Amino acid sequence: MGTIKLPRLLIAALIFYVVVTILSLDQVHILNGYFMVIINRSLIFVILAASLNLINGITGQFSLGHMGFAAVGAYVSGTITTLVLKLPAPQPGFWITGPIFIFMIAIVIGGIAAGLVGFLIGFPSLRLKGDYLAIMTLGFGEIIRTILNNIDYVGGPRGLLGIPKFSTFTTITLFTFLIIVLLRNLVQSSHGRAMLSIRENELASELCGIDTTRYKVMGFVIGAFCAGVAGGLLAHLLQLAHPTQYGFLPSALVLIMVYAGGMGSMTGSIFAAFSLTFLTEGLRVAFDNIPSFRIGTMDVRIGTEWVMVIYAILLILIMLFRTEGIMGMREAKLLIIEEKKKK
Amino acid sequence: MAELFSLQQIVNGLQLGSIYALIALGYTMVYGIVRLINFAHGDFYMIGAYAAYAAFFLFNAYIAPGNVLVFIVLIVAMLVGAAVAMLSNKFAYKPLRYKPKLSSLVTAIGVSMFIEYFFSAFPPIGPSPRGFPEVLPKVMWTMGSAQVSNYVVIDLVVAAALMTGLTLLVQKSPLGRAMRAVSQDKDAAKLMGINVEGIISFTFLIGGAFAGAAGLLAGLTYPRIMPYMGILPGLKAFIAAVLGGIGNIPGAMLGAYIMGIAETTANAYNSLLGEGIAFVILILVLLVRPTGILGEKTADKI
Amino acid sequence: MSALLSIQGMSHYFGGLKAVSDFTFDVPEGVIYGLIGPNGSGKTTTFNLISGLYTPTTGKIFFQGKEITGHRPFRIVQGGIARTFQNLRIFGNLSVIDNIRVARHYTVKSGLFTSLLRLPSFLQEEADVREDAMQLIRMFHLEDRAHDQAKNLPYGALRRLEIARALATKPKLVLLDEPAAGMNPKETDDLMGLIRRVRDEFKVTVFLIEHHMKLVMNVCERVKVIDFGETIAEGDPKVVGKDPKVLEAYLGKRGAEC
Amino acid sequence: MKSYVLSAAVAAILAGTFLSCGKKSNEIIIGGVAPVTGEAATFGASTKNAFDLAIEEWNGKGGIDGKKLKLAFADDKGDPAEGATVFTKLIQQDKAVAILGPVMSKVALAGAPIAQAASIPMMASTATNPKVTLVGDYIFRACFIDPFQGTVGAKFALEDLKTKKAACIFDVGNDYTKGLSEFFKAKYTALGGEVVAFEGHATGTTDFKAQLTKIIAAKPEILYVSDYYNDAALIAKQARELGFKGPMVGGDGWDSPKLTEIGGAAIEGSFFTNHYAADDTRPIVQEFVKKYKTKFGAEPDALAVLAYDGAYLMFDAIKRAGKLDGPSIKAALTATDMAVVSGQVKFDSDRNPVKSAVIVEVKNGKFVYRATVNP
């Protein structure tokens, strides 16, 4: 600290970015577009899982409606960019011409809107604990979805369409990196320790002078903000936002990532977001290659419909045999800010 | 708005409420004993419906549709529901009993996903909906301004009979006393010589059987079954249990009937409200009275 | 000596059950004050009332002349009353130093954004807090384990950690809820010295609940004996210890032998 | 550290799987997209069946220019994000020359820009949202768009059934059924009828009685049920139970043997707009129904018909193009004029099929031809 040395996390992110970019160049073509889609989705899941980890793993609350926040971010930022810019895909020289800044601002506004919703939801929910809180957040998530389904201005059940495609590997990596740094700095600050202490023992935390209400709401708001950013990025990647993308099941998938990775471990969330996204695609490819056979007059296929069965079994097995998740509560060195030691 | 509270709407609500009640009872009993929101409970209901469907075709060859067949099919649905519930408990929940509570919740989500996706992927069942057969001929009566079928009567009678039986079991029998003891304090119950795991398993058995019965009733009343049919009723029944006071058996019944009538009324008023009413109720209850209508306040020990 | 903590007519009921009945007493500044009484006599309830976990049914609590009745617990802590728990409440998965730093948090001035951006003022403050925490840790002989997860510490060390954590909130009054519970005689002796040192070096008033009569009689400068929510005796421990009412109602014959 | 090693190993295996994409030059890869898991899985299953059947038939006839067709199928789970992923996979990884599907508009809207950008022609089978094909000139569809069917249904209800008061019920969470009801209502009102009740219901619900009680209280002469067959059959049953006596009218989402399996007597005497009638004597129809039944043990539904037709239109275009590049296939598709199961198909300037609709009546558990309506 204090020296001009670049932080290791930044170096790691730069290496990741440069390597992936080079490998995906048309001339090299080791990573094709399919890989890039998986990587982009993994990165968005990284934001979602890491931010849910802040709520569930760090602050010790429990949200089952995380995608509801993502929906708010997606719809708000998507509405802004479709209104402000009716523009095609990024052109060369795009970075300095303006629209990208509007996009970035829209994403941040989407995040802030999600944060506000997080505040509205977090505040009344705080009297509840454990599974009551889980159900409450699930209810709020469903209500957000129902409302979106019924607002014709944002497309109702047709979804919000015609969002410009601004999310690229570059913008997604940038936002993911910023959010990881933000979350890491938060957790390893005095405020973060206050949040952790709530998870460990809420009563003792209060009696250490921590305004636990404030920090629980803060956990919800920051988590919701990040989810809103992820939602915005996803909407600008797919060029649409649809209410069904933000229901209970997608929220459960993010929850699974957090638990599989290890509650309270950001490293775990990141690792699980990547590995589960890749695993799903890997299983898809694997199942594609199983030939079909006949039983009687029926054609029996062992096809991609079994992927989710495997996914569910995997989740149960992780919970049974490694309840604390793959990483437990540990963090990779890369994500730990080293403290200068005196003496 | 006369049509909101017409006799017909109340009949509709009671019929829906009966099905919710049977599912809600399982939720509430399991929660009362192991403090677990068993997300897979709605799927036990779905399995019950499929079991009833299979049983119909198995027995229809020998017995003509009618009350006897309904009874046989009901028993099969309850047995299968109970078996699945006990198996889930044994393999997925029991090993996590003394781990953090929320890991059981996540496991329950996993079990739920597994059952749904497995049924959908398994070729003999598959994702397509199936028409549920008429297990007994339908008879319609006109009562005042309302149309009532014998199915409504069956729904109400089966639900009432099972609920009465359960209330008697819990209140009067030694087994019920043991269940209440376990729900109060597992460790103390163990010291008193109660087989705690046995009681938990029995609770899952009852809950699963009731969900199975609800599956048959749903098949009769809304004659379409599919692998994902349990998600929504499961969630709503759970909300009904919370509304009545989770862990409280009469509360679950009360909550379920309120829920059925509220949903019917809301649907008649406006589809947006109808879609969200369950969750609005949930949030209101949790904010205003998290212990539910009949639930008792338990002081946190500091 | 002026009264640091003043309790006036405080009662508390759980439903119909009377836990604390019409307590009126002062804890003077700078003393080591003991509250003793048999199980269920309302000792822990008194602490919970003072630290704001319960709100008294009737009566008022004043601290440094200001009323704190009904304030939220964290406000009361920030106002200068820290406490420990009978059954330990340690942040088990946090390191020893982090346990201490959590208690220092409310004095931290760096806002959220300063912290997120890790601005120099934040880094400076973090360093100060760390140094402070290390000082406390050394004083409580925990320096070897400073970076270990707290849950891995032996029992006696956890007791010390909890007291250290309470002191980290920079209190004027420390409530110790049975600090010697579960300790062996040697540890208890050390604890007595520690309590005195805490009072002298941190300039705090100590208010403790204890079953352990030897500790109370040795350490406390003033004691109050309660039973069934009512005060039986109050005053100098040596006097109170010989009060026949106390011996009979609370200490019994066994107590007299101590 | 163990987990790092493990993850590296997993990554290596995955990478190996992904990279091992051998492309045989004597095969033409056709991408197929439909949901086979999730709540829309029932629609995806019959769609995929139809893809398989069409490919089998074409390969039976020797493929195209001596090359065999191979279906690269991917599950979109009914989710737009999955849709975008699998479109990219099919185009980039499997090197599909054309894409069949998907079923749902929201997935099509996420996938279409990817196909368009890669110049890969796509034939959405049942995505009815008008915006789908507006994404670009590589995007076609095999089905009607919402306005057409709603209009046909309204005209039929007014003119043939001679009704003046109608009621609509639809799924508020499904763009297809909501759109259909909206267009029905607009046309019915415009032509002088009155829509006395317009009720939505939540997705996945099985109890429609509240809405139906309200609808029946408004005394409509006909009930327009724009839901898919699985909900429509239940609605019919419950409507009859509550005493509704009039006819019911629906859209092509009704076309499934499940309609009568679930609906039974309640659905008798109802009508729906469709692409074809199963009792149509044209050999192409009869042959398709027969083959489908033999292969899959069930009668085809509308999704299967449209998927099958979509596949035929695409294969025909590939054959006529004579080349496998996107622009050639696209050009050939634009020039389509082909008889398929759902009739003679041409594409308009927005790449929507121009074809006639038929009205089908449910009679004795069978779907019987009633009338043809030209666009």
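Observations on the structure shown:
A, B, C and D label the chains in the order they appear, each numbered from 1.
FYI, a contact is a pair of C-beta atoms (placed from the backbone, for glycine too) under 8 Å apart; a residue touches a chain by one contact, two chains touch by 3 or more.
Given the structure is predicted, the values throughout are model-derived calculations rather than measurements.
Note on connectivity: the fewest chain-to-chain touch steps from chain C to chain D number 2. Among the chains, the centre nearest to the mean of all shown protein C-alpha atoms is found for A. With centres defined as mean CA coordinates, chain B is found 34 Å away from chain A. Centre-to-centre spacing of chain A and chain C amounts to 43 Å, using the average Cα coordinate of each chain. With centres taken as mean Cα positions, chain D sits 35 Å from chain B. Annotation for chain A: residues touching 2 or more other chains are 149-150, 203, 298, 305, 308. Chain C has residues 53 in contact with two or more other chains. Chain contacts: chain B has residues 117, 120-121, 127, 231, 272, 275, 302 touching two or more partner chains. Residues of chain A that touch chain C in their complex: 1-2, 182, 185-186, 189-191, 193-194, 196-197, 200-201, 203-212, 218, 264, 329, 337, 339-340, 342. Contact residues of chain D toward chain B in the complex are 36-39, 41-42, 44-46, 172-173, 199-202, 204-207, 209-211, 213-214, 217, 230, 233-234, 237-238, 241-243, 258, 261-264.
Chain A contributes residues 56, 62, 124-125, 127-128, 130-132, 134-136, 138-140, 142-143, 146-147, 149-150, 203, 248, 252, 255-256, 259, 295, 298, 300-301, 305-306, 308-309, 311-313, 315-316, 319-320, 323 to its touches with chain B in the complex. Put simply, chain B touches chain A in their complex at residues 35-37, 92, 95-96, 99-103, 105-107, 109-111, 113-114, 117-118, 120-121, 123, 127, 231, 235, 238-239, 242, 272, 275-276, 279-280, 282-283, 286-287, 290, 302. Here chain A touches chain D in the complex through residues 32-38, 41, 89, 149-150, 156-159, 161-162, 165, 234, 237-240, 242-245, 249-250, 271, 275, 278-279, 281-282, 284-286, 288, 297-299, 303-305, 307-308, 326-327, going by the rule given at the top.
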